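Please read through the structure below; I'll follow up with questions.
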């Protein structure tokens, strides 16, 4: 079920039975010459919807679609929150959900650059409780961040499908996932160099100097809708297992 | 064009010709017994996509999908940002876009409760320039907030389609727009009272006392996909005119 | 009664009988070649004092005298808060008053540029309650923002007194109100053009380019102390009615 | 001259000749059984206006009328900003003034509880310049905080006029200054004990336990309008000297 | 005892008997040609450890080692917090300690530039309690800021040991204290002028113009480890008395 | 060299030759029944000083000694910053250093709970540059976070020295490092269970329920000063290599 397509009475009923919710979280940022700006928000959204279509007990919340992408700001179309802003926003999202009784909040993440800030946001939420006088806390909240490509078995699958040039940004895996969901956007081009360079991530101008077309270590030219489907199917399955364990814990 | 389905090189090309972008902005909040939680984010998104499908020169950015909805927090599933958080987030969104050269940022809004905070955010962005030493500013940015139901001719159309019980929250118009886009979610129920009461909006517990099923002054029971289509078609057309004037000014 | 001229024991007594307070709120910003920098703070202060002189049950709090005026910063003497700062300040003012038991806080506003930010501040205050666990709230607070020129009958009176060139900034009405209270400051000058241009409000440098002497759409040259008195008398009366309804609701 | 009674063109002219401005800053807080809630804002305002009436080269800005008074919050009518809010507000006030070319900003203070926070705000403003790259700064700004009772000779005068029970809060000196300006508010009552106790200042509930009627170490029962006039006359004179030196430095 | 060399069970035991803690607080900033960058953090740390070595009932918390030093930023190696940052950090430190039951928090300060901001931070902490509804507060917290050179008898001792050129920054007293603790860092050089100039403290570039080698009014060339020892011994003794009174009050 | 034991002229000279600095960063938090509250700040400080004693080209800045430890707040003596506070503080530290020309800032970290927030702080600093107009940036800054136990070869060494019960909090490795530096604090006790349980880290009360004596997965009873020395020696060596590569890159 998608939260935004439910009524409040349906959510009230749901909360009588379950306490978990799944939030796709990503970024809006360049993904090389062929990847879509929305890749990192689309991937967790696509995978989560796929899982929710199979399991009626999963609620998918709104997608957090602009994240921490300061390093991509020299490429047009990229958007970013400052980490301090993102912590404030996530605090409000989580507080809103716990207000209603959600106790297990699972963030399915599509962007490595979000990881630190999302975890810092969890600590910000927990700190509010931890600094309060002992015994004054309300019901517990438990947050979890899961990168989709680190779900069990998925990274191996991706490397198997794309044995060369998987890299770490604008990877063929994530590009394939979006091509599966938006096949009319599937495209290819001659990449030069075929496999992009590797290197550290600092600020935006430095990034563009190091990675002129935006890719890091990747060759997304082999991404296809068909391979994307394989990834989505496998990842959605792994997600159901992972989410199920989390809400049951 | 949808920004999240474009590549950065396409945006770079676009910026050589145009400086405008359209951002749907809404909320995730209860909309009565039959309206969807995502109504206020879905309506501007639906209308904007409809317009962009007709006019290839419009770029639609990511939807700002959780807004200022503190007053709905006594209804499960509603989510809110604090106004101070929303100002910080919008400041980062706008700063990201102006960094690339966008100069005209048009927010198509689906939620009355956002209006004050979005306008305050615009002032926050302008204040940064206005407090700087004279002559030190970069290229100008111009922001515009447009409620979709206040586009030219639209409010009259809505009142004409729903002469009784239009009200101000969970209106038949907005419910119809979402039923058009998600016809399998179209539903009806016996509402009691048929037309919801009116009253002031304060905090969440007060709101639920005044408006027990969430509606304000409305009777959404006459909303249908067919009437939604009429609204979407007319509003998308009015949007193209309004947006065109804004970016040309 | 003016809060700053009362003792704390008088306020304690008052709170045994009443829960309301009226706060004049304005701005310190240019008002064209003849209007005073304090116009927007002085008008609500003058009108509120006039009303309080008639009704001993109204307490007037301190005037919030610097507001959101970023767009006037290219004119010397103008002062502004950033919206985020103003939200923090108003939150502290309101929290201070509710701490003592005030439950109805009525802001009489003299500056259109404040409206969005003041309303956002109200939401910020309400959000604190609305995000708390159900049932954990203290006594309710209800805030109201009222532009003085929108009190019942006042805008029509102003247009009647100044049928031409009322405009929207440095209006003859507001200038007349200050001339009534500070007759030695009443002045006139040849304005060129007689009626100032209209246009959108963006940042400070843009504003000064569009409106070189500071006025928007107005011709304040017909403002006199006598006409100001008529406005003050009528507005104070309308204020008493409006305030009375608010605190009784 | 009072800034709020000037036009922007008068300020523009003034800035061609002078770079200084004087801001009265105080608090809205209980001042014992006979003192006014506005005492700390009124005193610097009264004294500053007295000085400005003598010296046409002094501009008096708006009064900063709610300050740091958390310790008075157990007495009805007291209002406070959090220190972090006050720093943000003062930063915006100072930045507004320096934007126009004011370079010497003199705060005449009426409340001991403001001192730390106002000085911290000055450092906040300076820090922005000091952390910038060398040589990148605009014109210098210099801020000064002056408690009115510490102007040369004034504290001795106060002790001479009130040799017993001067104390440190709700002092006969400050009460007399307000009685001079608002003679119809001059009042007296039997105080018990005649001279209030001394002690440390912590939070509000602690304060009210230690100082049940609000006074600290004072006996304001000897305050009269006549003695107030002596203080105002002498302090205004000392202020002119002090301010003159500051703007000339 | 030093908190960082204790186990949590030792602190738990301690809190069964005592409620006080002592926090050294200083700065990392230039101290003239011969003084150490850490002088202001080292002095209170040295003195506090000396006292704790004598009195096993004193717990010394971690040293707050970077403070408000914006004015020193034109001298390499200086570090600063903005006042607003320092208030946030101190609020978290104090809240952490009161969470465990510490009720008396004594800050032994080594840097005059910290005073305003530390006191503002205390008000920020108290304000949280003071703005809460009456009776809702937890156990009381009491904070105290003590400059080490203002402990009883110490300033006279310093002036006696260094009758000429004590000054106010890079004083021979503070330099001597660090030379006592780090004798291999004791050094001397020809200072020109022998006694540094006096003047106001504004921003960093202004500071370096006024005080080219960093000293204010001082001649630290007579500082020696031996004189430092005298100061440390006397100050540690005065500290034990002062701290003892504070925690007993 | 230790920054706090240098003069500003020494730092100025150093910056003529080198652009790097090393900051130890840790936490003040419980480390089980035998570990010191300062363990996480002491370990990187001890190791960094050891390295600096060998390599005169390394400057060690002040230790950031209170970090993100919300989860330990149910154990007396633990202290924490909220993540948002820590980001603000680190931003000021880094901005201070880059103001002087430091371009490579290496944080040697002793606390896993800091990692997310420190990385978020780096992004906050970079974002300021990345959101600025292209080409407007000053000299580049590059920050690096290094957990000491992840320096090359160190984790294997630790596991080799403590093949059983290394765990993840209050590990025998970190305890041994502090026992080496503070041998009089070396202690042992019967731990029950010998090896502490593992589990997720949420808020403070949850943590104490899961891990009653504070340890996670560890048996620190085999920690000795001698084994600590082996770790320090090896880690300092690995640090010199790692730091050398970083500043040379």
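Going by the order they are written in, the chains are A, B, C, D, E and F; count residues from 1 in each one.
Note that in this section contacts are C-beta pairs under 8 Å (C-beta built on N, C-alpha and C of every residue); 3 or more make two chains touch, one makes a residue touch a chain.
The structure presented is a predicted model; accordingly, all values stated were derived computationally and were not measured.
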item: Mutual neighbours - chains that touch subunit B and subunit E alike; value: A, C, D, F
item: Shortest contact path, subunit B to subunit C, counted in steps; value: 1
item: Rigid-body rotation angle, subunit E and subunit A, from Cα fit (steps of 5°); value: 120
item: Distance between chain centroids, defined by C-alpha means - subunit C, subunit F (Å); value: 53
item: Inter-centroid spacing, subunit B versus subunit A (mean Cα positions, whole Å); value: 24
item: Multi-partner residues of subunit A (each touching 2 or more other chains); value: 73, 80, 82, 84, 88, 92, 96, 99, 131
item: Contact pairs between chains, per stated definition; value: A-B, A-C, A-E, A-F, B-C, B-D, B-F, C-D, C-E, D-E, D-F, E-F
item: Interface residues, subunit A side, partner subunit E - complex; value: 131-133
item: Residues of subunit B defined as touching subunit C within the complex; value: 68, 70-71, 73-74, 80, 82-84, 87-88, 113, 115-117, 119-121, 123-124, 126-127, 129-131, 134-135, 137, 140, 142, 200, 202-206, 249
item: Residues of subunit B touching subunit A in the complex; value: 2-12, 15, 28, 30-38, 41-42, 61-63, 65-66, 73, 75-82, 84-85, 88-89, 91-93, 96-97, 99-101, 182, 185, 214
item: Touching residues (chain side subunit B, partner subunit F) in the complex; value: 92, 95-96, 99, 138
